[in-house]
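Shared chain: chain A. Partners: chain B in the first complex, chain C in the second.
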Partner chain A sequence: MSRVLGYLFVLIFILSLNFALPRFLPGDPLTALVGEQDLIISPEFRQELKQRYGLDQPLAHQFGQYLVRLLSCDLGYSFYHQAPVSAVIGPPLRWTALLCGASFLVSTILGIWLGVELAVRRSRPWTAAVVGVCLVLASLPGFLLGMALLLGFSLKLGWFPFFGALDLVPQVSGSATWGSGILRHLALPALTLVLAELPGVALLVRGSLLKVLQAPFVLAARALGLTETRIKYRYQARNALLPLITRLGLRFGLLWAGAVPVEVVFAYPGAGQLLFQALLKRDYPLIQGLLLVGILAVLAGNALAEWGYRLADPRVRSRTWY
Partner chain B sequence: MKNNKKVVWLALLVVILAGIGFFSAGGGTASQPYLIGDPQGDWGFPSPLAHNPRGPGYLRVSFLFDTLIWKDDKGFVPALARTWEYQDSPPTYVFHLNPQALWHDGQPVTSEDVAFTVAYLKKHPHPWVDTRPVEKVEAPEPHTVRLILSRPYAPFLEEIAGTMFILPRHVWEQVQEPSRFQEPRAAIGSGPYTLVEYRREHGLYRFAAFEKYYQGKPVVPEIGFVQVGNELVALKGKAVQAASVPPEAIQELRTQGFTVLSQPHFWCLKLLFNHRRFPQREAAFRQALAHALNLPDLVSQALRGHGLPASPGLLPPDSSWYQASQTLYGYNPAAAARLLASLGYRRTAGGWEREGQVLELELLTAPAYARVGEYLEKSFREIGLAVRLRQMDHVVLDQRVKSQQFDLALSGHGGLGADPKMINDVSLGPLAAEFLGGYQPSPQLTQLLADQLHTLDQNQRRKFVAQIQELLARELPALPLYYPTWYLGHDGRLPWFFTKGGIAKGIPTYFNKMALLPQTLPVSSP
Partner chain C sequence: MQNLRDSGSLGAYFRRARRYPGAFFGIVLLTAILILALAGPGLYPYNPWDYVGKPLEPPSLAHPLGTNDVGQDLLSELIYGTRTSVGIGLAVGLLGVLLSLSLSLTCVLRGGLWDFAVMRLVDSWLTIPPLLLVLLIVAFVPPRVPVLILALTLFSWAGSTRILRSQGLEIKQELYIEAALALGASAPYLARRHFLPGLYPLIILNFLIQTRRAILLESSLAFLGLADPRHKSWGMMMQYGMKFMALGHYWLWWLLPPALALGLTLVSLALIGFGLESRFEPTLRS
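And now, the complex of A and B:
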């Protein structure tokens, strides 16, 4: 109960910050909206814009309006896209969920597997080479990796599309073709994110596992005659999971922000790119809407991490919470 | 054995990835639309009153909606109005509409629609169309409409008749909030294309040829705009058929069979001065800085030669209103030093000093002009003037300029090919003063700017505009630096041409819908 109240308090505090932060950004939305054509647009239109977006109202009034709208689940009206914020962010959030969800899942599963193998087979010469590759991949900027994949697989080989998230003109009817179009568009952006995220997961698991490889419980498990695979994943890996869960919990809420460079390279219509553009255009309602979603994702990530601790570690489960 | 298993799994993964590509790449039979790539993507719903107020937003709507007249590479051409004439007293433009013109829903276009549009825009302003000069609209016949002006207005044809999208009265008369009217009916226009699909998140606009278009069905059945991550890669991969391309790719694209066109120079980067501060408010100081800069060298270094040094009179040589300035500022550090000395400054080891204070100024620049900023800083240092560079986001820069919190700043604008009313827009009035650091034009310049708006005699107006350029060159409210050259790459299938002065009131792009009509026009080389 106390934890729920804690989250509620954080949410209320953040909602207020959410309103204030975009307005702390230097630069005004009208100038950002019309850009260099500020001088060319008609004066009547300029006045009309101010009224339309409530920018001629005092800040306190704008804040009141924001809260009232929020209570009725209205996120406001985007200055730039001239549409309700919920309609603007809906489709990009779905694409982001697909891209980040897929890459998060794949990078986590493959990362755990690779980390375990690197730790268990640490004496083999190839593991040093793989660790080196992991370090190189982890240090590469996402957009560079994405651009290399785009040039190689799309431009040179012609295997994958250049931009977007689905076929613009469905080639032939049928859900199989529609689905394969989505998969083809997803492949390279997701691969970029997996390659960027997997090394970190693998190295973390490897590091944590190295500490428990010779632990007494491992000796006990071997004495019981358990298989090596069972010992590796059921006992050793599980004991090394706690730092990884912390990392994944923190990462979960920030996934979409990390996807921004990849979304830009592949013109993947996700929410990260939308937030980036909204910040450039000082689109206050859109920034507020997206940050709200981001905040909820971070809170959800923290809650999932806590739940994950309790699932992975019986010691945490048995502890009394006050 | 175990290792073999892993190799098999790895091979399977690669095959699956490749298979995804092959699987659906081979399934296509439907014809792809002609696609134009754009890194920005969404420019708003394509209706005349919901699109983004910048040029690309207007451009997309222009495929769906027609204006009374339009422009090709030579000048005004008929659109909804087959013919038009001017009558003196009262100042009136009479337009005779094409009786074959239809709305996309099959209803005829009439003079009532034109009258309705003007009345509607007076109530709900359009970003680009200032309807104030139109006092009254009469629709004496179904296909004749008279626009009566309060006084002669020289830019009328370009600014109003050639820019104002005509709205179907039967669709819009009940609409109270035009910017929120974004249903399919809002895209019913009288233009050569109808809206097939608008996907905001993909920046996708798909248009299909309107079978009953009064100037003939367009030759391209389907055309569209779409967001791309990298225009050059998308063009080279033939995922789009046209896109802007960087200068360094021109040769390679031509070798690969693409057509590359350069655009006329209708965009200018300027050095802005804060006229509320000394010494920037002194013409001698601004002229000194002009002499300190070697503009051809700036173009070769900052733009690698892909641009033109700017004229101090603002308008570029590509503009039909351009007048070569008598006042020129060649690179002359000695002249710059003399001008600074004339303001009471004395050259010391620390820089230019006056009343015990060394002159040091801050130059605001945006990331896009970083190299220009460095070049200016170096050039000013060479004449002993200390300048601190400060880089910031361009929105912040614009805001700092508007609130007069700057010494010097780099900023640019387009529209230089349009009607010379644009000179008034950028140098006269309270907003222009904000953007020009509080600059107040001299009474002579103010009078000339007012006169050129109301002079219908083209030769007389041309003289006024020439004098305006000369005065701007002398006063230097801002110092024009260069006009960059931009390039369009396309597959050569369509005869894109550059519209005289830019589309409507000066959009600097090749994508004029006239190029898609049956009587195709030759490609222009500006």
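And now, the complex of A and C:
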């Protein structure tokens, strides 16, 4: 029960923050709705806008209205794009989902493999070097890695395109080239996120695996004559997976947030890039809508991860589901 | 016995440091960066806001790292930026660790409903991605340095609180705590005399972690153009330098120096932290 209460608390905190922040702006919340470039509007129009947005109502009533609008998926209206926020953020969110999903999958799978190898072969000299590299990579911000990759592979070597997500000239010959264009544009930003994310996974798996390397159940498995691969993944790594799964939701959130500067570096047309543009133009409804959707996605991811934790660990499963 | 006797001397210190070459390297690096930050104003050749040269000058004797697009000296910017980036990081680290220490100590000493409430708050707080929420805040509140420090602190305390609390609970099981309690020790006395020394290595470790995370977040914010415009920082320098990345070799003296400075700072903090961790958790040592 307390878990659900916790999520509820965070949800209410974020919604109230989202509601309160525009009201802290110098001037009045109307600035947040129409943007600073549209400040020169006649007093009558201003009054009309205030009425239309219910800004003359008491705060509690406004908050209620805000929640009702959110429930009907109305995130506001972007005056810069002249379109509802929910329509503006749709396509970029798909690109971000592609980018984050791909790098999340790759970094998790490769990270588990690397972590297991690093722990099992801990006495070899090269593992110390790899751990060192992981440590360095894990402590660097994503946009730094991104800039290095962009500079090296796109600008100097010319192997990959340096902006966008699609080939500019649509090829006549159908979906194969179109698909390869998407992949070539995706490669570097995804690689950046994988490089930023993988070392953390590997170090975590290595750390928790080192604790069970000499466990009695490993000896028992070996005595049964099981193959080393089976022992490694079926018996040892399963224990190491538990801390990883609890962090899945958290990691997804960090990845999602880390994608913002990385998309800016590669001018990838995802939600991060859109957010950057919105920040530059002070398009407040768009900023709020994007961040709200992002945070809600992360919260949902966390809840999912908790559910997955129950599947993976029989010791937790027996407790009540909430 | 031998070890115990000269464990305080400088020679013994260096002998021990050799066993943790990474951490030793990190400490040397971090000290150099801190000296750079402290001595900054005396070191930089020009005021980083003065237009002292022609725009986009390549490196020369007068301007070792050249000038930017409005003719400001880049080396001065770099040294000035040390103070902003590292200063914000240290401030957040200090505030954050104080916050998590006081929360975790009250949790351990008082227990009960307070402990329950704080830990549920920690659980849910950890699910919030800090960058997104800080972005939301500084998009609306002008990102002055104090605002940045407060916003970053607001999202850095939770993890450390959990770690410090669980270690504190272990200390609470010790016999000497029971003895002190039997002798009528008060909670503040227990905290000062027993918990603080016991938690000391973890406090340092969490301070390092929070500082590192704050520097990383601050640089990302500055890179997205959401930093205090009155204080130049490494991230801001990179944000401007990025625009000239494709132009000739400008990245060599405009982008690379702040990137290296930021990278080395973060790596040195991580190395010290990793050394500490493997010192207190020997299973992690390879």
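Going forward, the second predicted complex is superposed on the first by the 248 of 322 C-alpha atoms of A that agree within 3 Å, B and C clash if a C-alpha of one lies under 4 Å from a C-alpha of the other, contacts with A are read in each partner's own complex, and residues count from 1 in each chain.
Please note the rule applied: a contact is a pair of C-beta atoms (placed from the backbone, for glycine too) under 8 Å apart; a residue touches a chain by one contact, two chains touch by 3 or more.
Because the structure is predicted, anything quoted here is derived from the model rather than measured.
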Touching partner for A:83 - first (chain B), second (chain C), both, neither: first
Which superposed partner A:184 touches (first chain B, second chain C, both, neither): first
Which of chain B and chain C A:265 touches, first, second, both or neither: both
Which of chain B and chain C A:161 touches, first, second, both or neither: first
Partner chain in contact with A:48 - chain B first, chain C second, else both or neither: first
Partner chain in contact with A:151 - chain B first, chain C second, else both or neither: both
First, second, both or neither for A:280, with chain B first and chain C second: both
Touching partner for A:224 - first (chain B), second (chain C), both, neither: neither
Chain C-contacting residues of chain A that also contact chain B: 32, 147, 150-151, 155, 162, 264-265, 280
Residue numbers on chain C that touch chain A, as the complex places them: 22, 116, 120-121, 123-133, 135-137, 139-141, 212, 216, 219-220, 223-226, 238, 242, 245-246, 251, 255, 259, 262-263, 266-267, 269-271, 274, 283-284, 286
Residues of chain B defined as touching chain A within the complex: 17-18, 20-25, 27-30, 32-33, 35, 37, 39, 41-42, 44-45, 50, 52-55, 124-130, 132, 179-180, 182, 199-204, 206, 224, 226-230, 233-234, 236-237, 239, 393, 395-396, 398-400, 402, 411-415, 422, 425-426, 431-432, 435, 505
Complex contacts: residues of chain A adjacent to chain B: 26-28, 31-45, 48, 52, 80-83, 88, 91-92, 95, 147, 150-151, 153-155, 157-165, 167-172, 177, 180-181, 183-184, 187, 191, 264-269, 274, 280-282
Chain C-facing residues of chain A, complex: 2-3, 5-7, 9-10, 14, 17-18, 21-22, 24-25, 32, 118, 122-123, 127-128, 131-132, 135-136, 138-144, 147-148, 150-151, 155, 162, 207, 210-211, 249-250, 253-254, 256-258, 260-261, 264-265, 275-276, 279-280, 284, 287-288, 291, 294-295, 298-299, 302
